[in-house]
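Common to both upcoming complexes is chain A, partnered first by chain B, then by chain C.
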Partner chain A sequence: MTRLHRADTLLVILGVLLVWQGVFAYAGSTAITAPLATFAYAWGLLAGNFIWPHVGATMLAFAMALAISAVLGVALGVVLGLRRFAGDVAEPLIAAFYTIPKVTLYPVMLLIFGLGLSAKVAFGVIHGTVPVLLFTLTAVKTLPSVYLRTARTMRMPPRDVARHIVLPALVPEIVSGLRVGFALTLLGVIIGEMFASQRGLGFLIINGINSNNVPMTTSVTLIVVVFAVAANGALLALDRQLHHGGRLRT
Partner chain B sequence: MPDAGQGAAHATLSGVVRRYPGNPPVHALGPLDLALRRGEFFSVVGPSGCGKSTLLDVLAGLSAPTEGSASFEGAPLRGQVPDGIGVVFQEDASFPWLTVADNVAFGLRRAGADAAEIARRVAYALDFMGLKDFAHAYPAQLSGGMRQRVCIARTLVLRPRLILLDEPFGALDQQTRLLMGDELLRLWRETDATVLLITHALDEAAMLSDRVGVMSARPGRFIDTVETGWPRERDSRIVSEAAFGAITARLWSCLRGESLKALGREAP
Partner chain C sequence: MTRAHAVAATRIGLLLAGFLALEALCRAGIIGKLVMIPPTAMVAEMTALLASGEITGDIVRTFTTIAIAFAGAVALGFVAGAALHAAPRLRRAVDPLLAAYYAVPGFIFYPLLVALFGLNVLPLIAIGLLFAAPAMVIATLLGLDRVPPVLRKCARVHRLGRAETVLHVVLPAAMPALFNGIRLAFAYAFIGVIAGEFILSGGGLGYAIGYAYESFEATRMYGLLLFVLMMAVVLNGALYVWETRLLRRRTRA
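Entry: the complex of A and B
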C-alpha cells in the first residue's frame, strides 16, 4: 500500500466514525452506542468466553455456505456457459433473481429448512451462489477459442483440457465472483441467524434488539463489519493480482 | 497450381472447398489444390478475408473441408490434428496463468515427457527464441511480439515436422519483422521441418520462402505460385538483391487486382 492509499483509508475510517458519532448524537443511546463505548464493549466481548461459541456457529455456517456457493456457482456457470442456448435462456432469469430482495423468500425457506444450521446455510447459499455463477458464466463464454484450438493441436483429452486450460483460465473470474459472493453469503448467514436460529452472531444481534441490549447489538454488528471489510480487502488484493499478472504472487 | 514437383508431397489439399454454414452460407475457400514439398518453406499471401486462416485450419486438421480432402504424410486428415503438425495461431494463444517457461513446457508435459528432457528442450527453445531472460516472467509482462515468440517456442519444442504459422508477426514493426524472419529461417534450417507461413507482407514472403502461393479474393484460390530460387542459407540481407525486388513486384502485380476486389473495386 502506498502512503496515499494509507491516507485515504485513514480518511474513510475517520469519516465513518464521524457519521457514527453523528447518528449517536441524533438517535441517542436507546438505538446505538457511541464509537468509543462500542469498541470498549466489543473488546470486552472478545476477551471473554461468552461470544466465542456464537462466533464459531456463524463461522461454521458461513464456511459451509461459501463452499457450497463456490462449488454450485462454478459448476452451474461452467455448464450454462458451455451450453450456449441454456445459458442464453438462464442468464436473464438469474440476473433477475439476483435483484429480488431475498427477504421475500425467507418464509418459504423457513418452511423448507426449518430452524437451525441448514436454514442458515441455505440463506447464505441463495445470496452467495449467484455472483459466483454469473462471473463464471461470463468467463466461460469469453474464454478465447484459440486456447481450445491449441489444446486440439496437442491432442489433449477433454479431461486435460478442463483441468489444464479451462479451470486455470477461469480462476481470476471465480475469485472475483467469490469476492462479491463473500460479503453477500455472510449477510445471508447473519440474516438467517436472526430469523431461524438460537445461536450465532445474527442471533446475538436480534436478541440484543429484543432485550434492549443496545451495546451488544452495536458491538456485534461492529465485529461482523470489521471482519467483512478485512476479508473483502484481502480478496480484492488477490483479485487485482490475478487480473493484472494473471497469477498468484507469493 | 502448386504441385509437389519431385517426390511425394509432405502435405496436400485436393479439391478443397470450405463453406461456413449460415444464412447465407459463407463460401470462404477454394476449390484449390496444394502440395507442400517435404522441407520447403512455403508462404501464402492474399487479401484479408480471402480464406488464409481457413486454409490453415483445414491443412492442420482443425476443420474438415466441405468438399475435397486433405492429407499429411500420406494419410488423410479426419477431423483431428495428426502427430507431427505444429500450429502457431494468428491470435495470442499464450496462457496468462503460466510463466514463459511453463507455457513452453506445456505441450511436452501433456505428452508425458520426462522432466530432464523437458528442462533441456525448454531451455534450448527459450534460448533460441531470445526468451532466456524472461523464463520466469508471465505473458502479461511481455510485449505482443514476445508473447507470439512464446507461442512459437511452445510449438517448436514439440518438434513438429510441419509447422503452420498464421501471420505470426502481424503485430510487429517492420524492422523487428525482418529480424524475426531471420530467426524463422534459422529455425527452419535447423529443424528440417516443412513450413507454411501465412502473411500479408509481400516482402516477408519474398524474402523467406522457397515458393509463394498468391491467393485470390474470397473465396480464396491460388492464382499464381512464385518460385524464388533462393539458396537454403539466406537471411534478411537478400532484400538488397535485384531478384528480391523482382519477386516482390511480381507478387504485387498478381495481388493488386485481388486486393482491389476485396475492397469492392474493379481493377482499371
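Entry: the complex of A and C
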C-alpha cells in the first residue's frame, strides 16, 4: 500500500516535471528555464553565499509573522469561541475579511508601518491570523459541552479551564488552522517583499523579472515552492496523526 | 429571533463605532493625513469617482475578467472533480498535489504567466482560474464522497438510469459541498484577478489602486480601495445569503 502510494507520488512529480518541460518547449527561454537547468542553477545558488542573506531576511519576517499569527489567532479564537455572543457578532466580520483581496491593502500597510521589516511582518500577519482564528473558533464552538460542564462542576477558574481543558482539546484543530495559516503567512511575506523591499526571496523574484534574469526568477520560485510543499507535508502528517490519534483514543 | 436581532444590532453598532473612531482619529490628526484619510472622505471620493465615470472602464474590465475566471473555475473544477472521483487510482496519485496546492504562494507564478501570455487579460484570467479551480475540485470530491450509499442503492432499487441518478440523486445530495466550492471559487477568483492587476498589468481596478499609490494620490487610492473592498464583501455576502436560503429550503422540504 505505502509502496504503491510512493510510486503514485513519484508519478505525480514526474508529471509536474513533464508539464514544466512542455511549458519550456512552448514558451522558450525568455519566459522560463528548463527543469534540469533550473535545478542546476538553484543548486549553484544554494551552494554560494549570495542567496543566504535573502533567505535569512525572508525567514526572519516569516517566523515573526507566523508566531504573531498563531498566538493572536488562537487567543482570539478561544475568547470568541467561549463568549458565544461576541463570537456570533464577530464571525461574519472575520469571514468577510478573509475573502477580501488583501494585496490591495499593501499600500495602507506601507503608509502605516513604513518600508522594511515591520510592513512585511504586518502583511504576513493579516494573511495568516484569520485562518488560525476561524479554525480555533469553530473547534471551541463544537467542543463537547460535557467537558465544560465537568469543569464547572469542579469549580475550575477560567484560566485553568483554558489551559487544562480547552487548549488540549483544540490541538488537532489548531494544527489544521496553522497549516493553512502557514501557507498564507508565507504568501503574505513573499508578496510584501515583491513590492517594497531590497532583501528577501520575493525581492529576488521581482528583481529577476525587472532585470530579465529568467534563471534567477525560476530558481527562486522553485526554492520557495519546495520549501512550502515540504513544510506543508510535515504539518499535514502531524495533522493526520493528531486527528487519527484522537479518534482512536475515544 | 430576538437574540439574532441583538447580534445583528451589536455588529452594526460595532462597525459604526469603528467608523466614527477612525473618523475622529483622522480629523484630530492623530492618524496623519499622509497615512489615512477620514472614512467620510473615502466615501465622498468613491462616489465622485463612480459618478464621474472615469473608472467605469476599469470596473467593466476587472469584473469581466473575474466573471470569466470564476465561471471557468467552477466548470473546470466540477468536471475535473467528477472525473477524479470516478478514477480512484488517479485520484490517489493527485491527492498530494491537491493537498499541497494552496501551500504554495501562487502569486509567484504570476510573472511567469505574464511571460507566457503577454501583458494582457489572459494571464489575469489564468491566475484567477488557477487560484480558484482547485477549491472547486476539492469541494466536488468532498461532496461526491459524502453522498450516502443508501441513496445510490435507493436509486438502483427504483431502476433509475445513470443520467437520472446523477441528476435527481447524486447532485442534490452533493449540493451543500458544491455550493461551498462555488463560494470559495468566487473569493479566490476575485483575489487572484485583483492581486494580479495590482502586481503587474496595464489596467483594471487593482492596477488603478497601485497607480494611485505610486503617484501619491492617497485620496484617490482610498476611494478605489473602499470600492473594491465593498464589492468583495457585498458579492461574497450575496453568495452566502443565496446559499443559506437554498439550503434552508432543502431542509424544510
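What we mean here is this: the second predicted complex is superposed on the first by the 245 of 250 C-alpha atoms of A that agree within 3 Å, B and C clash if a C-alpha of one lies under 4 Å from a C-alpha of the other, contacts with A are read in each partner's own complex, and residues count from 1 in each chain.
Rule of thumb we're sticking to: a contact is a pair of C-beta atoms (placed from the backbone, for glycine too) under 8 Å apart; a residue touches a chain by one contact, two chains touch by 3 or more.
Remember, predicted model here, so these are calculated numbers, not experimental data.
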Contacts of A:Arg152 with chain B and chain C, given as first, second, both or neither: first
Touched chain A residues, chain B compared with chain C: C
Chain B versus chain C as contact partner of A:Ala27, first or second or both or neither: second
Contacts of A:Thr9 with chain B and chain C, given as first, second, both or neither: second
Chain B-facing residues of chain A, complex: 144, 146-147, 149-150, 152-156, 160, 164-165, 168-169, 171, 244-247
List of chain B residues in touch with chain A within their complex: 60, 62, 80-81, 83, 85-87, 89, 91-93, 95-99, 106-107, 110-111, 138-141, 155, 158
Residues of chain A defined as touching chain C within the complex: 5, 8-9, 11-12, 16, 23, 26-27, 30-32, 85, 88-90, 92-93, 96, 98-108, 111-112, 179-180, 182-183, 186-187, 190-191, 194-195, 202, 205-206, 209, 214, 217-218, 221, 224-225, 228-229, 231-233, 236
Sites on chain C touched by chain A in the complex: 6-7, 10-11, 14-15, 34-36, 89, 92-94, 96-97, 99-100, 102-109, 111-112, 115-116, 187, 190-191, 194-195, 198-199, 206, 209-210, 213, 218, 221, 225, 228-229, 232-233, 236-237
